[in-house]
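First chain A sits with chain B, and in the next complex the same chain sits with chain C.
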Partner chain A sequence: MSIFKIQSFQFWVGLSVLCLIILFISFSSFIIKYDPDVQNNPAENRLKKPSWKFCFGTDKFGRDVFSRVLYGGRISLLIAVSVVLFSAIIGSFYGAISGYFGGWLDQILMRFVDLLLSFPIIFLAITCMALFGSGHLMLIIVLTLTSWMDVARLVRAEVLSLKQRPFILKAKGAGLKTSRIIGRHLMPNVFLTVFTFSIIRMADIILIESALSFIGIGTQPPTASWGSMINDGKSYLPFEWWITFFPGIAILCTTMSLNFIGHGLKTLRE
Partner chain B sequence: MDALLKIQLLKTQFHKKHGIVKAVDGVDLKIHQGETLSLVGESGCGKSITGLSIMKLVPPPGRIVAGSIEFKKRNILNLSEKQMSKIRGKEIGLILQDPLSALNPVITVGEQISEVIRTHFPVNRKEAKNRTLDLMEKVQLPNVSSLYDSYPHQLSGGLRQRVLIAIALSCSPSLVIADEPTTALDVSIQSQILSLLKNLKKEFQISLLLITHDFSVVAEMADRVAVMYAGKIVEQANTFDIFTNPIHPYTKSLLDAIPKLDFSGKKKTKTIVPLKGAVPDMMNLPDGCTFYPRCSIADESCQKSYPKGFLSDGGKFVSCFKAKLA
Partner chain C sequence: MKILFNRIIYLIVLFIGIAIINFTLFFMSPGDPTNQYFSPKVKKSNLQILKQKMGVDLPWHKQLKNWSLHTLKGDLGYSWSKHRPVKDILKEAIPATLQLTIFALFINLIIGSLIGIFAGINSNRLSGKFLDILTLTIYSTPVFLLALFLIYVFSQKLQILPPSGMDSLRFGESGFWLTFFDRMRHIILPVSVLGLIGAATTSRYVQEHIKSVIKQDYIRMAFAKGLSLKRIYFKHAFKNALLPVATLIGIYFPFLLGSALIVEVVFAWPGMGRVTFEAISSKDYPVLMAVNMIAAIMVISGNLISDMLYRFIDPRIRIQ
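After this line comes the complex of A and B, so read on.
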């Protein structure tokens, strides 16, 4: 089972674009010429069109949009990766326990998930952020707490069918501990499903983070994230389009390549 | 001699929405030390569930509702799940039918054997690996050191079944339950696996409960045979007696359904006599003798009640009204 067997053109395009984005973002400190957060640029540099000097233009404070897109990408991707990772871990264990034991425990655990899922994520996030304050850490916590349930449902469904398979009967018949059956025999078998789901989920998280920053409760100024940049630029549309356009394109490229990769991985599962 | 395993009036039932499936309905069995008992019958007559009941691994909604299973003089139905997990794998080994699906596809075969050893013995990884390699040689796997790190899909069917045997024997149990161990294999591999099982049985001094529908396997392996129909044991006897002098009409029909080779040309060619009908709907068993609708010698009296079993001369157990006459 090697990823080189994936013959989807989309997958390879997505992977290359994503690698390129990650490469740019990781080495952003070597690429950029201007500090992304410093505002005291000369007044004539404000709201400049994209040019050789500022290739993505500048915003209302004269900050270089190119530098901010790269730095904002760090924040957006960091949040997305952590949220997806933590919710995959929590959701996998929750779902595996629910599915493996079944019965009333499964009923209780799954009704709790239903309860949490009945709230819109954005609404839940806004409430939490309003109560406990904003900040990157809080954003990660809130988004994790609101997105692990899908993983739990997915893993539960998978475990329900896996536990009927003879190799689980063999493991029980050999007297293995329940913790080992779940951790060593079930988990590796759901890994690819969870991984594929998480990749696609990452795109959603980037969008949600952008949306939260856009309404002003996500990333706080002067720190840049893609969503907050779009928020900054919205009052200058349609004339100073570059302030919103480039972070928008960055979100679009990232989420699309993540989706392409996710769909490519799905074919691997079959 | 005391029996190693003594099952009395075991009843395992599946309570479903539309009724109760009596998969095992009052089974009595004994297995002595070092003996091979073969449980034969058609598909769906409760053989496998009997085997799983002994491990207390009946899948839900199935439940053991009555009876006792004494293993080494302890009634295992009274044991907690924790005590039971010390018996599973350590005292009773389990070999399943399809060796590919019975092995976890994402764990190496060596790891799947050694994890059982580590579960039941306080040994470190290295010691467990050494024991695993020994065991793999005992079940005649080739190139054990490279095979240790292979995945199940890289092995052939025969090799996979050897791995499963190694898992079942890893903690030298006193009883092994083999549920159709050769059904998924082709004939030449079958005979290899059977002779391997026979040798290992002697070497490890284990008793074997062999669940099968294949009478050639029975003839090759078993000391005694129990024929099961619709959740009940209908005939139990020594292997030789079953083949030479079957009494219950069900046993007779099963033996008649075996294709035979006859090149002599002297006899009138005896064609295969298929057993008509199928195992009855277990939710809706006929009154009286459950075999009555398919039986060739039954009359009205068979419809009234289920025949109590009796011991015929020679220690055979048969439950049939007509058997005395036949």
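After this line comes the complex of A and C, so read on.
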């Protein structure tokens, strides 16, 4: 089951675009000429069009939009990766325990998941951010707490069918410890499912994070994030379009490539 | 009937759980309502009296009891920033949000199903592949970006639709049709944003189902019998492929409310999202608490509706 078997054109386009984005973002400190958070002589460089000097233009404080897009991408991707990673870990174990043991434990655990899923994510996130303060760490915690439930449901469904399979029955019969059966035999088999789901989920997390930053409760200024940059630029829209356009394109490219990759992986599973 | 009854009981328990979590979140938050009166001129002893009066010095379970009794009576508290009862604020906001979401839901389901059917049937042709990429692109677009783009095109460049608000300012003119058309002009952009992004999701879902239904034996049988394409699709394929759309309604409610929040902020639409947004900026906890509860009620009833609808359309589930 190698990924080279995926023949979807979209998958390879998505993968290459994502690699390019990650490359640009990780080496951003070597590429950029201006500090993203520092105002470069605002009186002179304010709201400059894209040019050779500032290739994506500048914003109202004379800050270079190009370096802000790259740095904002760092924050957005960091948040998305950590949220997806943590929720995959929490959700997998929760779902595996619930599915493997079954019975009343399963009932209780799954009803709790139902309970949390009844909150619209954005409302729950907003409430938490409003009550306990914003910031990157808070964003990661809140988004993880609101997004592990889907993974749990997915893994539980998978484990329910896996535990009837001969190799698990045999492992049980051989007297293996439950922790070993779950860790060594069940988890590797749900890995691809969780991975595919996480890739698609990452796009959603980037969308939610940028939306929260857009309405002003996610990443706080002066730190750049794609959502807050668009919020800054929206009042300059008809004329100074570059402040909004470039971070917007950055979000769109990232989420699109993630979704393309996710759908390519889905075909691999089928 | 028994299933319906069980289901409702379960949802009520769910609702109580949500209420407790909601209350606990606010209970755990740092500070208390008397902080807003804090100033050098106010004596500490007065603050203490105020705390006792508001009941915020009581332990968790007593405060929870007070809050739930008040909420059950329909008393949602008093907004700290707007100095009006929360109930009045919500009475204005909820209809505005419902107009937006229900309208968007219709557009979403109709356009989404149509595109999904077309893309599913033509999945091996160029048109199907194009639609596949197009829907995935719209699906990946942030709500606010699409909103800003539509405002840019239709309000700023073409100047044919208003960029924000729910009604225009009018002096001396009134009448049902005038108000109606004015509202329609205002609602087009926000509803298109919500509807388009939802339609992309629906169409991807429908497309997958059509693809898997077409591969099934009874459809191959229908082809083998030499039935016309129209008959195969309309009589046999669509019925089964569109069933799951009913369940989507339940899933869409949280999604719609969340997106509506962003859309309302961008378009200055005076609905629940806008109220929430203002409540966050001014730390208006009674409003936030009430909005959360209303959102949860909407989501839970959305779940119930889609559950019942599914049972109603698909007899197989009723029998199980």
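We adopt the following convention: the second predicted complex is superposed on the first by the 268 of 270 C-alpha atoms of A that agree within 3 Å, B and C clash if a C-alpha of one lies under 4 Å from a C-alpha of the other, contacts with A are read in each partner's own complex, and residues count from 1 in each chain.
Just so we're on the same page, a contact is a pair of C-beta atoms (placed from the backbone, for glycine too) under 8 Å apart; a residue touches a chain by one contact, two chains touch by 3 or more.
If you're wondering where the values come from, they're calculated on a predicted model, not measured in any experiment.
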| item | value |
| --- | --- |
| Clash or fit (per the criteria above) of chain B with chain C on chain A | fit |
| Greater chain A contact set [chain C / chain B] | C |
| Partner chain(s) touched by A:170 [first = chain B, second = chain C, both, neither] | first |
| Partner chain(s) touched by A:184 [first = chain B, second = chain C, both, neither] | first |
| Partner chain in contact with A:102 - chain B first, chain C second, else both or neither | first |
| Where chain B and chain C come nearest after superposition, their Cα distance in Å | 11 |
| Chain C-contacting residues of chain A that also contact chain B | none |
| Chain A-facing residues of chain C, complex | 14, 17-18, 21-22, 25-26, 28-30, 133, 136-137, 139-145, 148, 151-152, 156-157, 253-255, 257-258, 261-262, 265-266, 276-277, 279-281, 283, 288, 291-292, 295-296, 299-300, 303 |
| Footprint of chain B on chain A - complex, ascending | 102-103, 164-167, 169-177, 180, 184-185, 188-189 |
| Parts of chain B lying in touch with chain A, wherever the complex brings them together | 55, 57, 59-60, 85-90, 93-94, 96-98, 101-107, 115-116, 119-120, 164, 167-168, 170 |
| In the complex with chain C, residue positions of chain A that touch it | 10, 111, 114-115, 117-124, 126-132, 203, 207, 210-211, 214-217, 227, 230, 234, 237-238, 241, 244, 248, 251-252, 255-256, 258-260, 263 |
